[in-house]
Structure formats: structure tokens, C-alpha cells
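For reference, the structure is listed below as C-alpha cells.
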Amino acid sequence: MTKRRISTPSPTSQADLSRRKFLGTSGLALGGLALGPALLAACSSDSSGGDASSGDNELWFDNWTLYIDKPEGELYGKGGTLASFEEASGQKIKYTEGINDNNEYFAKIQPLLSQDKPIGPDIIALTFWMAGRLTTLGWVEKLPLDKIPNSANLIESLTKPPSDPTGEYSLPWQAGMAGIAYNKSVTGRALNSVDDLFDPAFKGKIGMLLEMRDTIGLIAMSLGIDLATPTFEKFQPAFDKLKEGVDSGQIRQFTGNDYVDDLEQGSFAACIGWSGDVVQLSASNPDIGFSIPESGGTLWFDTMQIPVGASNVEGAAEWMNYVYDPVNAAKITAEVQYISPVQGVQEELRKMGGDAAALADSQLIFPDASTLATLQSWGNLDEEEEALFDAEFAKITGA
Amino acid sequence: MVMSEGVAPPYLSRELEQPGKTRKGSTSSQRAGSRWGRRILTAFACLVYLYLFLPLINIIVFTFNDPAGRYNISWDGFTINNWLDPFKDQELTNAFIRSLEVAVLSISIALIMGSLVAIALARYRFTGSRGIEIFLVLPLTTPEIVLGASLYQLFLGRNVVFGFSTVVIAHVMFCVSFVALTVKARVRGFDWTLEDAAMDLGASPWRSFRKITFPLILPGIVAAALLSFALSLDDYIVTDFTKGEFTTFPIQVNNAFRVSFPPQVNVLATIVLIVSVLLLVLTSVRSEKGATR
Amino acid sequence: MNEVLLGEEGTPGHGAAVAGTADVVIRLENVVKKFGEYTAVESADFDIAEGEFFSMLGPSGCGKTTTLRMIAGFEQPTAGRILLDGVDVSNTPPHKRNVNTVFQNYALFPHMSVFDNVAFGLRNAKVPEAEVTKRVTDLLEIVRLPEYAKRRPNQLSGGQQQRIALARALVNLPKALLLDEPLGALDLKLRQAMQLELKRIQREVGITFIFVTHDQEEALTMSDRIAVMTQGRTDQIGTPTQIYHQPTTAFVAGFIGTANLLPVTVRSHEGTTVTVDSRSGSQFRVPSGGRSHQPGSDVTLMIRPERLVPSFAPVDGVAGGSIPTTVTSLVFQGPVVRCEVQTDMGSALVAHLGPEDDPGRLSVGSRVDMTWAYEGAYLVPEAIDPEAAGITQSN
Amino acid sequence: MAADTSSDDRGLRKGKWAPYGLLSPGILWLVLFFLVPVMILVRTALSSKASRFANPEFSWQFSNFTSAFTDYGPQFARSFLFAGIATVSAILIGYPLAYWIATQGGRWKNLLIGLVVVPFFTSYLIRTIAWTSLLKDDGVILNVIHAIPFVPQDFRLLATPAGVIGGLTYNFLSFMILPIYVSLEKIDFRLTEAAADLYGTPWQAFKKVVLPLSMPGVFAGSLLVFIPAAGDYLNNRYLGSPKTSMIGTVVQDKFLVQFDYPVAAALSLVLMAIITTMVLIYSKFLGTEGLAV
């Protein structure tokens, strides 16, 4: 699931460093020419592509883009969570933004994990259902929960979700909601029902998410289908409705996060969107609105997991424990503006004052009981069922 | 036949009778048809060039955009900041460098192997050469998605770790064919008796290759190198299947498009564009100067 | 044109010795070249003398170029030996042989200046640069193109390129210069001028020239000796005069100039005169050409077109024979009228009639007896297929 | 090289071992990373999977091929239709330009043809994204079109078949122009003069002389446009909609998202088989020369 906050890029300069690095590596590449045929042999013993395996005692966290606080625009900037963690624990951390899409990331790591080879990162932050898949496949380590005492601070409902019933293989990173995002200058009105997305007035101007669980989930709820115990048979009407929307030309495109641009440009009158994105968009464009449909929105969360073969389980536990301290968690929330899994963040935000304190009252970050009551989370899909869902969804999205 | 005034029919044109003068094209501009026909054609040609360059212009213009959101798709204001900081996006920059590394390495390998194949085909007659030629064409005429998918299955089945090596292997594979065919097309007219002449004049086979053959087929090799450089740098589909965790520039752009499309993409693309065009101009000027025949 | 040189005996067949006593530069000893099943050169076996202008003449595919390439070292003989200055070089690569080649298409290096082209061989031999400059300049003088040193080959005309190719080869002072149809690419006028130029240069530098051509006129004009080749065989080696007037095979007769060939059978041989029977039953008396002819053997009577005259014109010398014919075509060609006739046996003959032959009295369809002088006929010691009788000419 | 060589007038050699020695590295690479993978793909296409993430087991599962046809017939049809329209459009756009350069380029010919290659040097992904910027609903081009009377207000180009076909045409247009130009370059334009004398009008002369002589270039260009267009999925991703998806989209998704390797392999092979048949027919009649640009 892709839901990063919109932030203006920061003016850091890596130009010099990069150029030097480039000269060095291109020299290497030329030298590698002599080894041309050796590549054949080499590729079998490669530890990993790219910049694999973290160095000694370094902790590697691979996360989504724009999903952590960046003071002064720099990831490792002073006062930021990464820097203060390093300071507090003495543990070096390498933080990368390698996840753009759950399926794409899975395709990337699947060949390695299926051969029991380490993929590099010690922590990955896939969405709950993908985390469930990895757990089922046995590709993640059991978490050393005894070394993460702060996990006691977590919101109850997120500790033993259907995707990880024992709660031993994943812990939440951030959570959020999917609902209806719309551009009032195009729609002329606020939308608050899934049926509005199928209003012929918006024909060809409706976007849906490539994230199957959000798109199908919202439609299913509008048809009165419960997400807790999904079966393909039960969901058939939701797929049919979606298919009809595509066939009639009502639905223009399925997107990732790029819907924010389409929405702002008016290419989409409305679409299914994620809470955090729209909070940010509406700040600069008052025409952009977000609503949880009457029939309900989806509640999702991204997790932290330790893939098998990770070299720094200790450090990973240390990190998890650190971010589950409400004080630290609040700093992240203040920046990414998604729902924090940690209890006590609301109070911490109030203590921080200023803009952060204002966030403490946001329904999209701290939904009240009545909003929460309309939200549903997906139950677990077994492998066979999930394949059916994916295949059907792929057929409709044109793949 | 409508002919523009003042142009003698070619059978009266003495110029054509002169031996040694190029016959093709020298006065062909007068032959393309009526004056109006030519004007319409010229106007159409200009439109086609506009069509070809419209996205490039867009890319260059948008290097100066100051996008309000994360997508550099709509014009929001002028800035030169993107040019002052082209390597700002770390992931993008790394992917860009990795793309260059892949291109340089795979082209170096492909150039050597491909040129040897081209020389073998252009220089010798041997049984099976026709079959080899068809075999060479196949990787280029096989849809990229099939190339990618089949390599994916190969590597997956043999438990090969996807990454830099597999991407290079794939790029070498389609570049070899491309280099072989391009160089062969340029070497086809090569007069191999020049090598005989060199050896006849006392040059060892190696020296005659170095002094005569190589300098003469070099323009063909350079052209092949430039084009396969573009091919490798540009490749999305085959790389998509062979990359594993490794990302090249186009892959990074595509993946990150789910989240953002920063102006640095345009800046880096423009840098590649400028450098390649300069190289193209440089080599064509050089080959013009050293025009061989 | 009509003079007959019988002073020297033809030296037909193989093992022909070098004329005179000059030193042998190149000796081919039973050289055979096969490409797979195909025999390109059957058995080349001859010597070439120092300073000689030696031509290999034949139609394309006769093996002359292959022979030349073996001498140059581009090909290795399948059997036999090639000796250069008495040393066996059969398997020496081209860059280690002191012979140089002028290629048919000149093979000038297009990316080098004229000067660098000519200097190429000297530089390969690591000759000091000062001497390179001197020798290249000298050679450009000899080929009369000193002012073109800085040009590129593609800025020169065909004839100029040809002279540069010559200079490039000669500058190395090779034991022999091999020329592979070097004039083939030039037009007629330039070709004739270059023939003279080549002769001049050869005299000036005194190097052995081995010249390959399919143009019999070119070979006759320039050569000291000619080897006529066909289908991988050397048919005859001799001076231009011998080759023209005393061909040893019907092929040579037909290939060098135009010849009227008639199949005849030897009736008797007395002294220097042979009596033969033609297929139509006529008897002709022919000089023996220094050979002995077995009665009953089939041989070929050759009469050059300029030797045939109509019966109403006076025959020069003792009459040799006469054939009744019908005129089939008359073509005015300036100095001569080309008159084609048909014998009653159906063979076509051609006569070149000068003004003294009074061609005005002939017209197409008229009956005329074609006659020749005793010395105007020659016996080729080889039978030909009666079907192939009549005019043969190389082009 | 020494042992057994011969030559004809152009200096072509007959070689026993030398050509094979020169060929072997390149050909070996292609065998290992093109031929073998395709074989493996065939094997995969005849396999079945016990579960979604299990390895495919070879089982002569021909049903993969039937389901490739029955389930994805529309995508195949659309791929070939879109690629076909793109090819025809590329001929209509590219031929006049190639003709204009060949006949009226004069001394600028090399530069003009070089310009055609320039777009190659920007990633085609980025060019495609640039088109989204140009073609978006409130973009420059659409604003112009909407200013035309009687154009419906909801007329748009993005997320329509026209958008995808336009993208395909644009991205592969150069592959059409180059071979057509090469074949036009070989034509002695005096022929059109002679033909004009015979047929009367320049158009007739063009039709009867130039067009037939340039057909090999048109055929080569058509293959070079059609093949990548038929297997493409990026144009659909950026310029299309779910209703314009092509077979490439399906293959990519089946391989990298759904892990349905057998059916994906079958789909790829069907695509490859159709295209390879076209290529073999082409090379039978026209050789392989024209396919190297």
C-alpha cells in the first residue's frame, strides 16, 4: 500500500559525493570487462544484487518512500528518529526507501527467500496481508518479543491481527484508512458513498487503487459484504460491480499513489484514496476532500518484519522497541500523519505543541469511536483464495 | 512530368555523364515532384520532427518546473534549482549510476563479441552462415517481454541470484545481436583486399588489423556502441524481469512513479540526452572528416 | 601486322625455360592448387627471369590470379614449390616475402594520405623516417605525382590511384612486382596511356613485373613473355609473336586475336610442308611450323582474318588454298572491312579486307572463293570438334 | 586463417575454422541466454504448479496454451490490432519524412537522419511520461482540441485506445524511418525521371518505381515497429486504461504478481511464435540485412 505524505523535497546536496562514486564505479565497470565470461560463474555465487547485506552490526530497514520523519529534510538529520536512535542505542542504522508496491517488492525478494538466501534488510515494512503471506510461507523470523517490552504500548487490535494470529511474526509500523477522495471543483459536491463513484455524471473520471484490498474492500462493504471472513464466492458481486464500472468506461484507471496528481489535475473527479495523502493534499488545495463512505472504509496497516537470514535481529528488536516509545512514535506521526499504532501518541503530540498539537485532533489520525466503528479490516485469505482474488482483480484491471 | 523551370531533363544533363561524380541525390531535389508537392512534403516533414521532439521539449522544459506536489507533470512555476541539484534524489541518482555501469559493462562485452561475429559473417564464407544470421536476428525480433520472461525462468530455475550480473547478462544478450548486425551492415562493404595489401607490404596480420582494418571499421563499431548504449540505458522490460533487488534508472523511475516523479528525473534524462547528442555530432563530424570513400 | 616471325621456336607446354640466360627470380615447380574438389591450378611449372615483364593471360577462372596469389603468399600451393631467388617460400606468409602486389582495385588505404600509403611498407620494415621521406618522394617523382602526397586516395582519379598503388609497391624495391589486372578499372584511353607508363616505369626501375590480365591486346603490347592459361592449365608460354603466330593449342589461337579454325586431317608431311584434307575434301598445303605431323592425325588449320582474301584480289606469295563461300555480312570498320562468310560445310569464317582487297565488289549473299597464301596458314597440333569450327575470338 | 583460404574479387574468404572461432563467444552467449531460456520457457509452459508459490512441475500440460487463447483472446486481439494500427500510422508518418530526407536532404541528410535517432537517447519510459504531461485532460494539446467547435467536452486522449496507439506509434517511429530511409537512399532517383517520361505524372512515377523499390524498407520497418509494439506494456500503463490492456500487461502481471508461470510462459510463447513466423517469412523473402538499423 502506498501512502506517503506529500512533502516538498529538501535541498540537500549529494552531487559531489555522487560524482566521485560514479567515477569510481565506472572504472570498476570497465575493469569488469576483462571478467566478462566470469560473470557467468559469478552470478551463481553473488550474495545479492545492488548494495546487499548490511555491514558489521549495521541495522538495515527497508521502508516505503516518505514514511519517516526527516528533520531539515534530511533522513538522518539531527533530532530525527534515525539519528536519535543511533545516539540512544549506539546501533548504526541504514534506512532505505526500497518499497513502492507490495507485489513488486514480493517479486523482488521471492526468488531469494524461496532459496533461503538473505535478502539484505533486517526489517521490511510490507502491508499486513503481504506480511501474512510471508509469515505463511515461513520467510520471516519469529520476533524476539521479550526484547521489545514497549510492544505493550501498542493498540490491542493491531497486535494479533488475522494476518498474524499469534502476533509473533509482525508488528505494526503505521496504519491508515482508505476512503473516497474527490475534487470538489470537478464534482461540485462532497461525496460520501461508494455509489457516488459509479455516478454516470463522473464517467471516465473515476480512479481506483491497484491495491486490491482497498478497492474491492470498499465496494464489497457498500454491497454489505463483510471483510472479516473473505471468500472468493462471497466477493463475486464486488468484482462484478467493479468489472461493470470498467466495462462501461466509468473507471478511467487503476493507480498507485499517482492518483494524487490525477486528482489535483482534475483527470479524476473522485477516486479511492488513502487518508494520509489526502490530508496533505487538502492542506494546499481546499477543493480536495476525503470521506469515509457511509458503508465503511478499510483500515489497513503496514508491519515490521524480520526476513529469514537477517543478520541483525538484535538491532531490529532494539529499533522496534525504540519506535514503540510514545515519545518517539509521536515524532514520526507528526511527520507522516498516519494513524500511529502506539497508544499515548495523542498526548505526546499535544505536549509538542504547535502544528503537531493540531494533529492530535484530526479525525484521520485519531479516528473517534464512531468512525472506527465503520472501518473494517480484511481477514486472512489463504493461498488459494488469494490467487483467485488476484487473478480476478488482474483480469479487471486489464492484466 | 511536371518539372520546375530551368531544370534540364536529366538525359540532357551533362553532369550525369561525368564519370566519378556521385550520381545519386546530387540533383535529386529537383526531381521529387512538383513544387507544391515538395512544399507540402517539407511542411509535413517539419511537423513530423515537431512530433518527434515534442516530448523531448516537454522533458527539457520541465527540468525548470517547480512542482507543487510530488509529480512533475503540471507546470507550477519556473526554477533553476533542479539543475543546481541534479543528484538530490539519492535513490534516483544511485539507480542512474547503476544504469550507466550496466550500460558500460554490457556494451563493452557486447561490442567485442558482436564485432567478432560481424567480422566473421562479413569476411568469411562458411557453411551455416545463413542460419547464424537468422539466429542473430531472433533476439531482436523476439518481443522483449519474452526475452525477459525466459531469462527469468532460467535464472529462477538455476537458483541464480538476480541482480547486477543477471541484468548485465541480459543486456549483453540483446546488445550482441544488435552490435553484430549493425557492425556487419557497415562492414559489409569493406574491401578485405586492404588487409592483403597491408600484409603484402610487410605488415604482420596483427599490425594490418590494427593499422588498417580496425580504423576503417571503427565508425561502424562506434555507431553500434552509441545505439546499443541507448538500448541498454533505455531498457525497461527485460531489466524488469532480471533485476531482482537491483534497480536501474528506468526501473526506479517507474517504481517511484507510484509515489513521486521528481524533476531530477528530467534533469538526469536531459543530461544523458545532451551528452549523447554531443557524442553523435562529434562522431558524425569525425567520420565526415575522415570520409573513407 | 602481316609480318611473320619464325625466327624463334615456340616453347610449348611445360618446363619452358627462361628466354636467354638471365637469372631466374621466381621458379614455380609443378605448383598445384585445389580448393576442395575444385582444381584452380593444375600444374604451373615455369621460371621468371630478373627484369622480365611476364604476363599471365587467360579468361576469368583460368587460375592466373590464384597463381599470382600463391606467388604473393596469399594462398599456399596444395603441391609443388615456389622458389624466390632460389629459396623455397611456398609456406612463407605474405608479409615475409620480398614481392609486392598492385591490386586490381588498387587497395589503397582510404584513411591514409598518399604519402602514408606509399610509406606504409617502409615503415613496416622500420626504415628510418628520413629515408622513408626520401624514397617516397623519389617514387612519387617516378610515377609523376609528387604534388599529391598530402591528398587522400579518394581525391585522386583512377589513373592517379593506379600510379600510387604502383609507387606503394615499388618503393619497397621488391624482387618482383605482381600486378593483378591493374588496368581493368580504367577506361580505354587511360588504359592505353597507362600501358605505356607501366612499361616506362618498369624500364626505369628494372624490377621483374608479373602481370595478370584477361586482355590479350594488353598482354601482347607490354609483355616480354606471356603464359596463356585456361582451366588451370598453362597452354603456352612464349613471346607475344610466338603466341600470336604459332599457337600450340586451338584455345590459344582463338584467345589471342581472332582466328579461323578448320578441322583437317594430315595426309602427308614432306620437308617443311604438310598436306592436309579438309572435311569438304579439299587439300591444302601448309608449313609444318617446325613440328612433325603424323599422317592420319587430326589437326587444326588456323588462318588469321587478315590472311584471308577474296579470289579476285591478288594473293601475296605462293597460294596456299581456297574455299568457296557465301558472304553473310559486311561491316565497315575504318581501316578494314570485316567480311563474314559461310563455307559450304556451314562453318563461319571472317576476313579483314583492306582496300587492296577491293571489298566493294562484294555484297551480302554473293558467292566468293576465299584464298590465302601458303605462309598465311598454320597448323595447330590439336584436333578440334568440327562443331566448334569457324571463327573463334576472345572477346 | 592461413590454412585454407581463398577469395573472390571482393576479398571474401573461405574459412574452415577462423569464422567459427570469431563467432563462438557471441553465439555461445546467445545460445546460453537466449536459446536455452526459450527452451526452458517451453518447458514451463507445459508445466503445472501444485500451489501458487511452488515450482512448476513438467507435466505436458497443454491446457496452458488453450487457456492462453480462451482467457486472453481479447488482449491478444487488442495487442495485434493496436500494434497493427501503430505500424500503419508509423508508415504514414515515417515514409514521407524518410522520402523527404532522401530526396531533399542534400548535404544535411546525415544530420536530418541523426535527428530521427535523437529521441532514442532519452528513456522511452520518460518520453511516455512526458506524453502524459502533454496529453492530460487540461493540458496544452487538449485545450487546443477543445477550442475546436463540435469537439465534445469529454473528449480526451489519455486512458483511451488512441492514447496507447499514439504512444506506440511515437515510441517506435524511428524504427520505421531508418530502414525506409536506407532503402530510399539506395534508389537512383534518375529512375523516377525515366519513369516520369513513361507514366506521365510524378505520382505515377513514384507509385510504379520508388514505392516498389522501397518496399523492403517498409517491410523491415513494419516488423521493427510491430514486434516491440505488440509486446509492450508501458504505454498501456501510462497512456491507457484497463480497457486498453495488451498481452504484455498480462504476461508481466502473470509472471511478477500472480506467479502463474505456466500460463504466462504459454502466453509469451504464443506471442513469440506468431512474431517469429512473421520474421521467418520476411527473412525468407528479404534476408536479414534490413533488420539491422
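A, B, C and D label the chains in the order they appear, each numbered from 1.
In this section, a residue touches a chain if its C-beta (ideal position, glycine included) is under 8 Å from a C-beta of that chain, and two chains touch if they have at least 3 such contacts.
Because the structure is predicted, anything quoted here is derived from the model rather than measured.
Top-ranked chain pair, ordered by C-beta pairs in contact, is B-D. Among the other chains, C has the CA centre that is most remote from the centre of chain D.
If you average the Cα atoms of chain A and of chain D, the two centres end up 37 Å apart. Between the Cα centres of chain C and chain D there is a gap of 57 Å. Once the centre of each chain is set as its mean CA position, chain A and chain C turn out to be 90 Å apart.
Rounded to whole angstrom units, the spacing between the C-alpha centres of chain B and chain C is 53. Residue positions 74, 93, 104 of chain C are each in touch with at least two other chains.
The multi-chain contact residues of chain B, meaning those touching 2 or more other chains, are 73-74, 112, 169, 172, 191, 193-194, 196, 205, 257, 261. In chain A, the residues touching two or more other chains are 40, 104, 265.
Taken together, the chain D residues at the contact with chain A in this complex read 25, 32, 51-53, 71, 136-138, 154, 156, 158-159, 236, 240-245, 249-250, 252-254, 256-260.
Note for the complex: chain A touches chain B at residues 2, 4, 6, 9-15, 18-19, 21-22, 25-26, 28-30, 32-33, 36, 39-40, 42-44, 46-50, 52, 64-66, 96-98, 100-101, 104, 108-109, 111-112, 115, 117, 119-120, 255-258, 260-261, 264-265, 281, 284. For chain B in complex with chain A, the residues that touch the partner chain are 68-71, 73-74, 81, 85-91, 93-94, 97-98, 100-101, 104-105, 108-109, 112, 155-156, 158-169, 172, 243-247, 255-262. Chain A contributes residues 37, 40, 103-104, 107, 110, 114, 137, 203-204, 246-247, 249, 251-254, 265-267, 383-384, 386-387, 390-391, 394-399 to its touches with chain D in the complex.
Across the interface of their complex, chain B is touched by residues 72-74, 93-96, 99-101, 103-105, 107-111, 120-121, 124-125, 154, 157-158, 168-169, 172, 187 of chain C.
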